[in-house]
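There are two complexes below, and they share chain A, which is joined by chain B in the first and by chain C in the second.
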Partner chain A sequence: MAGLTLKNIQKIYPNGYHAVKDLNIDIKDGEFVSLVGPSGCGKTTTLRMIAGLESISGGELWIGDKLANNVAPKDRGIAMVFQSYALFPHMTVAANIGFGLKIKKVEKKIINEKIEWALDLLDLNGLGDRKPSQLSGGQRQRVALGRALVLDPEVLLLDEPLSNLDAKLRIKMRTELKRIHKQLKSTIIYVTHDQAEAMTLSDRIVVMKKGELMQIGSPSEVYNKPANKFVAGFIGSPPMNFIEGELIKDGENYIFKYNGNVYKLPSYLKDVIKEKIKGKEVVLGVRPEDFEISLQPIENAIEGMSIVTETLGSDDYVAVEVNKKLLSVRIEPDSNFPLDRKVYLTPKEEKFHIFNK
Partner chain B sequence: MNTALKKEDKWNKFKEGLKKNSFLIWTLLPGFLYIIAFFVIVAFFLLKLSLTSYNGGMTQESLTIANYLKLIESEEFRTAFVRTFIFVLITTPLQLVTGLIGAILINKKFKFRGVVRSILLLPLAIPTIVTTATLLLLFSKGGHITSLLMGEYPWFPKITQHEISFLNKESLALGISILGKVWRDTPISMLILLAGLQSISEEQYEAAKTMGSTTIQNFFYITLPLLVPSISSVLVLRSIEAWKEFIFPYILAPSYPVLGVLIEKYYVQMFDPGTASAIGVILIIVILIGTTVLNWILKKMQSYLVKI
Partner chain C sequence: MERRWNLQKIIWFAMIILSIFIVVFPIYIMFKYSISDRSSWITGGRYPVPWWPFKPTFEMYKYYLSDTRFWGNGFLSIKIALLTVALSMFFGAPAAYSLARYKFNGKAVLLFLILSIRLIPDISSVIPVATVFNFAFLYNLPVTLKVALAHTLLGLPYVIYIAQGVFETIPVDLEEQAHIMGAGKLYTFIRIILPVALPGLAAGAIYVFLLSWNEFVFSYFITATSSVDVLPLPVYLKSLFGAFTPNPVSIATLSLLVSLPVIVFTFIIQKYMVAGTTAGAVK
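Then we have the complex of A and B:
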């Protein structure tokens, strides 16, 4: 088993595109780490550099205690599931899964056992003799997963392995992945678009944007203490509400001025502002579930109009227009919230985020 | 009564089907007519001709297998058949190998790839008659190769005293025909195989690479089985071409006729179109059997390569 260290990793493609900029990540042995970020931010590129399929333009990659920059892919102890599966179209499902073992000259009996194990684990029973072209997208994805799992890799690299599954199967596979991770104890690096998936699966989450590292932390860290506005907006669903405005010093404390209105900031924000904020222009951030909403006037509140309510399964939200923008606020389910009324919002204690604009 | 009704029913259904699929039928019609004109009719007359015996161009007898019997008894035919078979057995795999090497070469990215590709395609652009004439000039009595080997050029060491008559020895004459044939037709195999190679996604090799598959294993487990359709096209097309080869042996090895040359001999020189057609029919049958066997072997090979 092996940990993994990325030191100042860079990727510049031959056409000059700087896809990954100065990435520093330290992954512990056996850790489940997710790479999240919008499309094109360099997740696949990072994974391919770790796998050895893409040369590293700068920096150091350590796998275990070995500098791996120039180690051949097969000697890195990794297995990868490709975003586009990369199954062998001419081989049956079973032959696909067994291919790596056949190459490693494993005994035939053991190969067959492993294939059976994988088919069973991935709910592919009875499909062993089919060709990939006779499978659904989700089934193909699971075959790709099986092909990697049977190799008992020290580091498992997964590039959006669940993206094509339906919601139900995806949740089942999430649980399976967690179980597999527990059972195999391999280090897993997991690329996904889906921040909810990253939150439920990972020990730590790496948030990237345009090739740059935005934040690394446990799911609760990136959720509760986002390092910047990008992370705050990317993690969480529905996303965090943002209000733009400016900061005015008022003795010891600060006042937030937005569109002619003012709001006195609580005193605990003082230290955060001193530490992080540069300049006057700032953005306040509050998650939908962190607002108290009231129909009675409250002193020092953010005023707005209730516009519509919507329900997202278990939770109901009301959209409140503040400053010509809609904020989403969680409300009691089935509360029949009155619309087109003036409402007063106050963020809950310690649930206020403030970012540079 | 009942059956008559059924018949009418069927007829109506048939008419309905015609109406429904009229677009399909009209679009397929040209292809259908083409097959009738250039295949069915030709094959029919060929068969009819082969069953007609001409006795020295004077009398003729229809629906007889005399031509076939004559051929089976003819020493010349049997030798030509074996000769043609050997010709097929050598040129077909050889063209596959040269085509594959060329295709793999220009499928890689390197400087001057365009130039190399053009050079490899050149043989196609040269008329066959020019190619054969060139080979004739090189290898015939007093030709350049003989002069070269006899030390008539100052920059080349003298290798032999006696003139080698390349075209008067069966193995050499046929060998040179094979050389010309392979050289001329390699680009066709190469293009077919290149298309096959380019349809294999790079990611499959990458996936195999992470599993430790070597270049040679990649070739046998991924490239080769995925190329089977292209390989099959090459082998089928090339073997058919080789079975009915005419121009190279006709010019370079006239004393050692293959079946194609024999057809010309019967038809043109001996005024015996019946026997010539019989050879043609035999060729068609042999080719049909040959391609069936070939495809069967390829399928076996593919399933052997991809099994667990």
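Then we have the complex of A and C:
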């Protein structure tokens, strides 16, 4: 097993496109780390540089205590599961799983044992003689995983392995992956653009945007203490509500002014503002579940109109129009919330986020 | 299930009948002529040519099949055709693979140039080729190899073009996956790429086999000085008739006999042509 360090990693493609900019990540041995970010932000590129399929344009890649920039992919102690599975269509499931071991000239008996072990672990018993075309999507995905696992990789790279499965299977495979990670304890780097997947699976999450690192942290850190507006908006579903406005100093504390209205900010925010905020233009962020909503007038509240309610199954939300924009607010389920009424919103204690515009 | 005859079905059915007819009718005509007795094809205009011979006879088949040179040269041609398939695959597949995988400027032009060799009529391109084959080191090669080499020249552009298309459809992911697991380039090509490409390559193989089996112009010039015991079948048959026009019975008989190896070869190769072998490779 091995940890992994990316030091100022850069990727500039031959066409001049700067896909990854100055990435610094320190991954501990046995950690499950997710790379998330919108499409095209450089997740696959980063993974392929770690695998050695793409050259590193700048910076250092350390695997364990070895500088790996110029180490051949097969000597890096990694295994990768491609976004596309990349199963060998003419080989049986067993041959697919045993392929890497056969190349490493492992004894036939041991190969067969390993194949059996993988089939068993991944719940593929009895499918060893099938061809990939005779498997379901989820089974193919597990074969691809098995092919990587039998190699006892120090680092396992997974590129959106669940992205093409249906919702039910995806959740099942999520649990499965977690179980496998617990059992094998290998370092896993997991690429996904599904933030919910990253939240449930990972020890830490790396959020990227346009090739740049936005934040690294545990799921609860990126959720509760997003480093910037991008992370705040990307993590969480339904997404965080944003209100744009400006800051006005009011003695010790601050007042938030938006579209002619004012809201007195709680005093615990003043340290955050001192530390992070530059200039007057700011964005307030509050998650849908962090609002208190009231039909009775409240002093110092954000006023709006309730427009529609919607349900996401377990939770109900009401859309509140503030400043010609809709904010989503979680409400009691089945509460039959009155619509077209004036409502008063107050963010819960310590659940206020403030960002530079 | 309800069976109903609507217009679409009738047209569909008619098309099938028509295609069968187009395929079967010439075979029927050839077979009829090949077993015709003299009075069934020379009618002198006194009565129409009958739909079936008056006295069917297999004389012409007996005549050709008892000719040891026909057998010998037939086998020579089969050997040439198989060797041509092997050679053009051996040289064509790797070339096609490089063309499919490596991006470089002017690739489209190069592909076109490779095919454009076949735009020149054989009868003019044969002269330089025959000249080359007169150089001592080529001249002394066995006939089989000499003709197969010439046919490879003709077959290569097609193999490269077809195989290039086949390789392009194979996802690069498969190779990268093998690469990460430690497989070398050659191992990956032989163990992963070729097997996956096989159905597509089989189509190319059938084409090249046919090309070699039917080829006359190059064979004729290259074997101009060879003994009549070692001539590719088309050249040998030409030598049989000399300046005379063969009668329809001979032509029909030979046509049918000569189609047989092609049919056999196609049947063998067809096994590999099961569609959709990349199914299940990538999602």
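Throughout what follows, the second predicted complex is superposed on the first by the 357 of 357 C-alpha atoms of A that agree within 3 Å, B and C clash if a C-alpha of one lies under 4 Å from a C-alpha of the other, contacts with A are read in each partner's own complex, and residues count from 1 in each chain.
Quick note on the criterion: a contact is a pair of C-beta atoms (placed from the backbone, for glycine too) under 8 Å apart; a residue touches a chain by one contact, two chains touch by 3 or more.
Just so it is clear, the structure is predicted and the values come from calculations on it, not from any experiment.
Trainee: Aligned on chain A, chain B and chain C: do they clash or fit?
Mentor: In the arrangement built by aligning on chain A, the partners chain C and chain B clash.
Trainee: Could you tell me if A:S294 is touching chain B, chain C, both of them or neither one (first, second, both, neither)?
Mentor: Touch partners of A:S294: none, neither chain B nor chain C.
Trainee: Touch test for A:R140: chain B only (first), chain C only (second), both, or neither?
Mentor: second
Trainee: Check whether A:G52 is in contact with chain B, with chain C, with both or with neither, and answer first, second, both or neither.
Mentor: After superposition on chain A, A:G52 lies in contact with both partners, chain B and chain C.
Trainee: State whether A:S335 touches chain B only (first), chain C only (second), both chains, or neither.
Mentor: After superposing on A, A:S335 lies clear of both chain B and chain C.
Trainee: Just checking: does A:F82 make contact with chain B only, chain C only, both, or neither of them? Give me first, second, both or neither.
Mentor: both
Trainee: With the two structures laid over each other on chain A, which partner does A:K108 touch: chain B (first), chain C (second), both, or neither?
Mentor: A:K108 contacts chain B only, not chain C.
Trainee: Quick one: is A:S237 in contact with chain B, with chain C, with both, or with neither? Answer first, second, both or neither.
Mentor: neither
Trainee: Which of the two partners, first being chain B and second being chain C, lies in contact with A:H90: first, second, both, or neither?
Mentor: Both partners, chain B and chain C.
Trainee: Pick one for A:P132: touches chain B only (first), chain C only (second), both, or neither.
Mentor: second
Trainee: Quick check on my understanding: which residues of chain A belong to both its chain B contact set and its chain C contact set?
Mentor: 51-53, 73-74, 78-80, 82, 84, 86-90, 99-100, 103-104, 147, 151
Trainee: Using the touch definition up top, name the residues of chain A that touch chain C in the complex.
Mentor: 51-53, 73-74, 78-80, 82, 84-90, 99-100, 103-104, 131-135, 137, 140-141, 147, 151, 164
Trainee: Report the residues of chain C in contact with chain A in the complex, numbered from low to high.
Mentor: 171, 173-174, 176-183, 187, 192, 195-196, 276-283
Trainee: Report the residues of chain B in contact with chain A in the complex, numbered from low to high.
Mentor: Those in contact with chain A are residues 201, 203-204, 206-213, 217, 221-222, 225-226, 228, 302, 306-308.
Trainee: In their complex, what parts of chain A are in touch with chain B?
Mentor: 51-53, 73-74, 78-80, 82, 84, 86-92, 94-95, 98-100, 102-104, 108, 111-112, 115, 147, 151
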